[in-house]
Amino acid sequence: MRSIGKVAVLSVLDEPVAAGPFRIITGQVGSMGIEKVVAAVETAAKREGLIADDHYRGEHALYHAVLEALHGVCRGQLELGSILRTAGLKFAVVAGPKAEDQTAEGRWLAVALYGHIGAPRKGFEHEVIGLGINHL
Amino acid sequence: MRSIGKVAVLSVLDEPVAAGPFRIITGQVGSMGIEKVVAAVETAAKREGLIADDHYRGEHALYHAVLEALHGVCRGQLELGSILRTAGLKFAVVAGPKAEDQTAEGRWLAVALYGHIGAPRKGFEHEVIGLGINHL
Amino acid sequence: MRSIGKVAVLSVLDEPVAAGPFRIITGQVGSMGIEKVVAAVETAAKREGLIADDHYRGEHALYHAVLEALHGVCRGQLELGSILRTAGLKFAVVAGPKAEDQTAEGRWLAVALYGHIGAPRKGFEHEVIGLGINHL
Amino acid sequence: MRSIGKVAVLSVLDEPVAAGPFRIITGQVGSMGIEKVVAAVETAAKREGLIADDHYRGEHALYHAVLEALHGVCRGQLELGSILRTAGLKFAVVAGPKAEDQTAEGRWLAVALYGHIGAPRKGFEHEVIGLGINHL
Amino acid sequence: MRSIGKVAVLSVLDEPVAAGPFRIITGQVGSMGIEKVVAAVETAAKREGLIADDHYRGEHALYHAVLEALHGVCRGQLELGSILRTAGLKFAVVAGPKAEDQTAEGRWLAVALYGHIGAPRKGFEHEVIGLGINHL
Amino acid sequence: MRSIGKVAVLSVLDEPVAAGPFRIITGQVGSMGIEKVVAAVETAAKREGLIADDHYRGEHALYHAVLEALHGVCRGQLELGSILRTAGLKFAVVAGPKAEDQTAEGRWLAVALYGHIGAPRKGFEHEVIGLGINHL
């Protein structure tokens, strides 16, 4: 039984996953600014139609999902360059039911981030992952 | 090329992964107390010999890796029952190089947590993931 | 023009406010445990039908709105008795459009908390307020 | 019986309130930088004489009151533009007794903030409120 | 030139320091509960008359100074036993001018905490320090 | 019996301390940017050989020790200029055993920060201290 979070995590790890009832988009962003990560995910999700561009409601849902995923990436303070670190991240955004067998709960969003965080110097970094889930 | 974080995440998701140079243990814990999660991971890692039982050094490394993983799970406040939520989690602890091709950086630990968080009521929950990485 | 947040804040302050398109409930709770505050608000909102009792979706929306309101109350750490303080709070939960003229954005929830926080001793306390808003 | 926090909140909401023993100032500030909000409140409070310009003591009291109010506005991380959001806020600063009948406790400060937070796009935002109280 | 913070830190480290214009008290507390640390410091400060027992004002100043010192001790989350750690701490509370040559700024409080934090097992711990300063 | 944390704190306070088995370096940095503080400490520690310049492992250990020390300095949010405050700090970095009698636990790092934080205006500031300890 597929669930929205696991689908998002496997997608961001480039592992094979059948979409089933889920819509999946992926992309990547590298930055010392948290706001760049948020913008990259929002832009991709709107461009691909996972959330509507002309209503605040979906953007509000996505914004909080991204921030929650960033807590897993940042582990304490939602900061990158301001505490002298940079992140290179892939992202996956998934829209659909919370799980294949929970269609009565309406549509949800999952945002997964995976990549590396560390000093702006090759190899001086380690892996991070984050997942945020919100109702649409 | 396998890296310690991805190995930990795939292990905690029950996805197939070849251990290669990594030692992997897994387990599960459900609780409304963060301290129970920390204890379950520490006990398993010591019992299986991923960290020594009679030195503080390895426990210090593991403790901070678990707390970092819990940031991904808790997304803001390291609290469960005290803010009326419970978590059912699988965990994976991996010891080895930071990545297969980075043996010059010594031994590292990765802790991955995956499961569900929510109200203490079936279905009133969603998925969470967390990953903490530290040098041993 | 009435907006959901202002309606919630005026309601929790016992100021006169016309409900208009909004449904408003109020109550009170005093405790040294954050989880008691969350439970009191959730119980009232379900009993009065602002969110459905048999679906997670509305509870998820309300849970995060309460936590956001608690950030205003706690100002830094979502803790009461564990850092030796107690809170006596009134609460208001409002359901409806984000504002009277924004019906195209669907239904939203606002949770307002107002009261006193301090030592468990009469007069050794000061006022606090918090507001959380989420899409339903 | 009027209390300093309720006077501050009603003032920032533009609701009628009799000043009684309290001194009240109001203003507004819109920004993507937290430091601009702090500066706007401090400048207004000094210009109107609520705190002395030539002593640190009152500025220290006001600074912490503003930060506490900002916790209600930001709900988790004291950040605006760095996590891609902007705030348009009214502020009220009130100086006086903690409440009309508590003159034995000396002078206190209350800072209330009320407005909207969200994306830098009309309508893509919701209301926020914050209140900070400190002894002078 | 002596300053209130340095006097507090040297006192808590058992280093020699001349009191000069400062009043200094010290004590110790070991606990898995933050609230026990706060209570021990407050009780000692009231018993020795550094703050008045019958007014909230001084207790409010001291409470926030203790919480600020605890941020240095806890480094991220104001929690002890709830994240499976314990602390054995000495404390010093100092009342007086902010520094010997800054008497125009009135009376201030400094709270210093120093000791060990870690697992509840001898040697499985390391040192921590914290300092909180507030105007009285 | 000397311990690494106390040696770091006394060093940063310019108090006399015998190095014994510890290597001690000191320096100073004033800034409105946290990243400048991190960079100053890292640069000094590498230049003096407390950590290797060509491996990530030691930098990872030092980075987290600096962030932990900054929690004591910032007391809640790892931010300086972004919340309108500046810091003038001395720093000490110490490498060696966790304590003179604990050589079986390998090498550790301690980072102590001490100085003043406040508005960018002479005298409008108070003292702060922070200490971070990590295994090397």
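Labels A, B, C, D, E and F are assigned to the chains in the order they are written; within every chain, residues are numbered from 1.
We adopt the following convention: a residue touches a chain if its C-beta (ideal position, glycine included) is under 8 Å from a C-beta of that chain, and two chains touch if they have at least 3 such contacts.
Because the structure is predicted, anything quoted here is derived from the model rather than measured.
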Partner chains shared by chain B and chain D (touch criterion as defined above): A, C, E, F
Co-neighbours of chain F and chain C - touch as defined: A, B, D, E
Greatest separation from chain A - chain, by CA centre: E
B-C against A-B, pair bridged by the larger set of C-beta contacts: A-B
Interchain centroid distance [CA atoms averaged], chain E/chain F, Å: 20
Computed distance of Cα centres, chain F from chain A, in Å: 34
Intercentroid distance (Cα basis), chain F paired with chain B, Å: 29
Numbers and ranges of chain A residues touching at least 2 other chains: 56, 60, 76-77, 79, 82, 98, 105, 123, 126
Contact graph of the chains (line, ring, star, complete, other): other
Chain pairs that touch, as defined at the top of this document: A-B, A-C, A-D, A-F, B-C, B-E, B-F, C-D, C-E, D-E, D-F, E-F
Touch list for chain A against partner chain F, complex: 76-77, 79, 81-85, 118-119, 123-126
Residues of chain B defined as touching chain F within the complex: 55-57, 60-61, 64, 98, 104-106, 134-135
Chain E to chain C touching residues, read off their complex: 33-35, 38-39, 42, 56, 59-60, 63, 67, 77-79, 82
Residue ranges of chain F touching chain E (in the complex, touch as defined): 3-6, 9-10, 13, 15, 68, 71-76, 98, 102, 105, 108, 110, 112, 114, 123, 126-133
